[in-house]
Amino acid sequence: MTSSPIRVGVLGHTGRMGAETVRAVEGAPDMDLVATVGSSDDPAALVEAKADVVVDFTRPDTVMGNLEFVLSHGMHAVVGTTGFTDERLAQLRSWLADRPELGVLIAPNFALGAVLAMRFAQQAARFYDSAEVIELHHNRKADAPSGTAAHTARTISQARAEAGIEPGGDATVSEVDGARGADLGDVRVHSVRLPGLVAHEEIMFGAAGETLTIRHDSMDRTSFMPGVLLGIREMPKRPGLTVGLEKVLDL
Amino acid sequence: MTSSPIRVGVLGHTGRMGAETVRAVEGAPDMDLVATVGSSDDPAALVEAKADVVVDFTRPDTVMGNLEFVLSHGMHAVVGTTGFTDERLAQLRSWLADRPELGVLIAPNFALGAVLAMRFAQQAARFYDSAEVIELHHNRKADAPSGTAAHTARTISQARAEAGIEPGGDATVSEVDGARGADLGDVRVHSVRLPGLVAHEEIMFGAAGETLTIRHDSMDRTSFMPGVLLGIREMPKRPGLTVGLEKVLDL
Amino acid sequence: MTSSPIRVGVLGHTGRMGAETVRAVEGAPDMDLVATVGSSDDPAALVEAKADVVVDFTRPDTVMGNLEFVLSHGMHAVVGTTGFTDERLAQLRSWLADRPELGVLIAPNFALGAVLAMRFAQQAARFYDSAEVIELHHNRKADAPSGTAAHTARTISQARAEAGIEPGGDATVSEVDGARGADLGDVRVHSVRLPGLVAHEEIMFGAAGETLTIRHDSMDRTSFMPGVLLGIREMPKRPGLTVGLEKVLDL
Amino acid sequence: MTSSPIRVGVLGHTGRMGAETVRAVEGAPDMDLVATVGSSDDPAALVEAKADVVVDFTRPDTVMGNLEFVLSHGMHAVVGTTGFTDERLAQLRSWLADRPELGVLIAPNFALGAVLAMRFAQQAARFYDSAEVIELHHNRKADAPSGTAAHTARTISQARAEAGIEPGGDATVSEVDGARGADLGDVRVHSVRLPGLVAHEEIMFGAAGETLTIRHDSMDRTSFMPGVLLGIREMPKRPGLTVGLEKVLDL
């Protein structure tokens, strides 16, 4: 049995992520791209084209209006636009209460590999008292560590605490300032910056006689597309509000 | 609240794994080593010492007798001895039916990192159509690929099939014989053999713009001890037969 | 003391490598881009602009005519165009005999990292009886192993032989076909193909208790530019014909 | 033509390195172990056994007396004992002036891979404005960074300066304290400490579109033996004082 293709509309199709989404949907055999709507276009095109799912990569100041329109016209939504406060999420839940058959995915990170790496780190943290994170980025990056690495460290720290494991620590007594990295919740984080690098994260766990390493290498924004496509496929099957791609992965 | 220490007995304490277990239990703050029994010793020492949990690293020809004794005297068991056929497992279940409060763990691999790597590979396989395995061992190893790598490849292949994902394949049209590795269920496995290596496995998943890598490095048999200790801690709480350390990890 | 900038002309500036060269020269503080010449343009522009060094990224059928013009007008040359046979190199040497003050660099690979990795592999091969190569590329690549990896294996094999070292071999007696990779001169080469990869080569040497690894990761063709710029800087100082960027590196 | 085996004596054969040397010499087909001398033994045994080369892994307070004896009896020396000041080296040169046919190697580090990695880093530093060092050790190590990593950073910094290259720097404006590692001569050094690690060093160079990585993994002290054996083979051919294994490698 073959299902009919999912009819997809894209809001913000001229932006970098929107344009990438257009290409990805066009390349997906189980989807049809039926409408693209830019900032000066009428979103009614989505309704006329009978879109099943609408992807939104627009701006924080327009996304809520877009979602109100999309949901009121019975379409599911996959949202990569940022800026979702608790108030906005509450508003979304209220709209969805009136349309219990619709699904909305809000995801700050669509890279499957990044989401999986974070989840694996969380799982491994329950079994190791020692972990460190090395993140490597191009030398134009302004912050160190990266937001993802800081979030990973916090996730490990919290999972370890919940499992009742004391951090293992180390025996350093003589340190050149900074050598042991940044201390985020007893997880050391090291930030490497070099031209030629793109965006890489390595999470290492150690115990007597072994190490376990989880590494994610991200080369460009095409890496977000499998996550976007997965969201498109899943929303018709997952009514209600879903926050975070990891929820869709059923890990 | 502090629990009283778990009272641990070790069968086969003069073997390499048994000796390592003795050291590990002695180093665990929540355990007391109360008895060690070699091949010519009387296992009654376990009963006299009031062991809660007995670890067995003996031989296939003695392990079933040991377990019958251990269970009939109301002790839990953690077993690293090999040779468990379906018949033996059925026998164990029958004994446990009479002692429903007891727990037995049978595990072919106690290395937490190896078990976690396998589990993560299985989880990731549902989201990637392309995966390859590189395993690296010392140059005295007789088989290629390693049993673990072959098992990993089969696990990926099966998880991918269950998720309905077709293997991604590659565009190789000109190949020097062997360059693309061994094909195990559409997962290519590469075996590197060099002096200086110990036992390493790297599992790589790729999608547009990103790769996800899971790596396990094993240096020596101390790496099995956290798994053994975990089994000791869990068996009193997990009545019945448990096969495979991964079951205890609740991933 | 500050030298005056090197005056650079580019032949083939509309091709991918030529365009990249234009950007690189424009960004180099010690160079001035003084002329760009496409396939339908008059190369006399190079002379009028008083170029010191001319970079040629054109085609095999035009490069010899270009070089004859460049040398006869007293300009140095850096050439990335392919197709240099022994006859062509002899012709170049004959032209240079008349202009002993001029330098010409012919280089098939301008990536500094690739050239250095090859050179380091050659140096290390004299001290290790065991080496393997893992090359990792995107899944659209047609050949396995890559030309670079095959060349690396041959280089190691030859350096080892010259040092009088017998290949160390391994103890494999049971192999799934292909697991141990392609055998190129007693150096095993493994080719990994995954979407998300770009072009990577890892050369591993092993001896008792240690391994030495040299790895080159190439993301895009900007990686060729430091080598091109180095060639531009060096040719005025290195009269005669130089074949291969490694000659310029003075390793 | 087959040479007769090199006759080797070992001073300090009961220490850890001395014992390892005994095993290594016994396993070398081109060497004969002819004498072993402990701290309470008479070194005359070396003379009686007609040793060609004597290896010294003793203590700083005995090594000079040993070397005076060894040289005065016409034997070459390979020395891993530490504590060689400029005064001691001057004394050695004075003794060797009287015996110009003899060779002495003083080496603080006999691991071939470590010496090669350092040398390659020095060579690469001339071509990259950006480099970072990641060193990874077991969690019982007292100092961070390791002495080898600090030495590597200084070597890179110096080679870069000699080549007239300004350090590339990075764009970090917001840093959690320590994230960017220790700054040693404009080379950032990151120290990872985890149980399960042994001794590893990774040196990364980056330029537009590429990275070059040199990595050394050391598992145990057997890794020093190829360097010791090389020293034994080379000293009869290299009269005079040689300081540092890298001098013997002819890189």
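Residue numbering begins at 1 within each chain, and the chains themselves are lettered A, B, C and D in the order written.
Here is the rule we use: a residue touches a chain if its C-beta (ideal position, glycine included) is under 8 Å from a C-beta of that chain, and two chains touch if they have at least 3 such contacts.
None of the values given here were measured: they were computed from a predicted structure.
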Comparing centres built from CA atoms, which chain ends up most distant from chain B? C
List the interface residue numbers of chain B and of chain C, divide the shared ones by all numbers used, and answer same when the ratio is over half, different when under half. same
Gap in Å, rounded to a whole number, between the CA centres of chain D and chain B: 39
Computed distance of Cα centres, chain C from chain B, in Å: 47
Could you state the distance in Å from the CA-based centre of chain C to that of chain D? 33
Spell out, as numbers or ranges, the residues of chain C touching 2 or more other chains. 196, 205, 207-211, 217, 219, 223
The answer for chain D against chain C in the complex is residues 111-114, 116-117, 119-120, 123-124, 126-128, 205, 207-226, 230, 249, 251
Write out the stretch or stretches of chain C touching chain A in their complex. 196, 198, 217, 219, 223
Sites on chain C touched by chain B in the complex: 130-132, 134, 136, 139-145, 150, 168-184, 188-197, 204-211
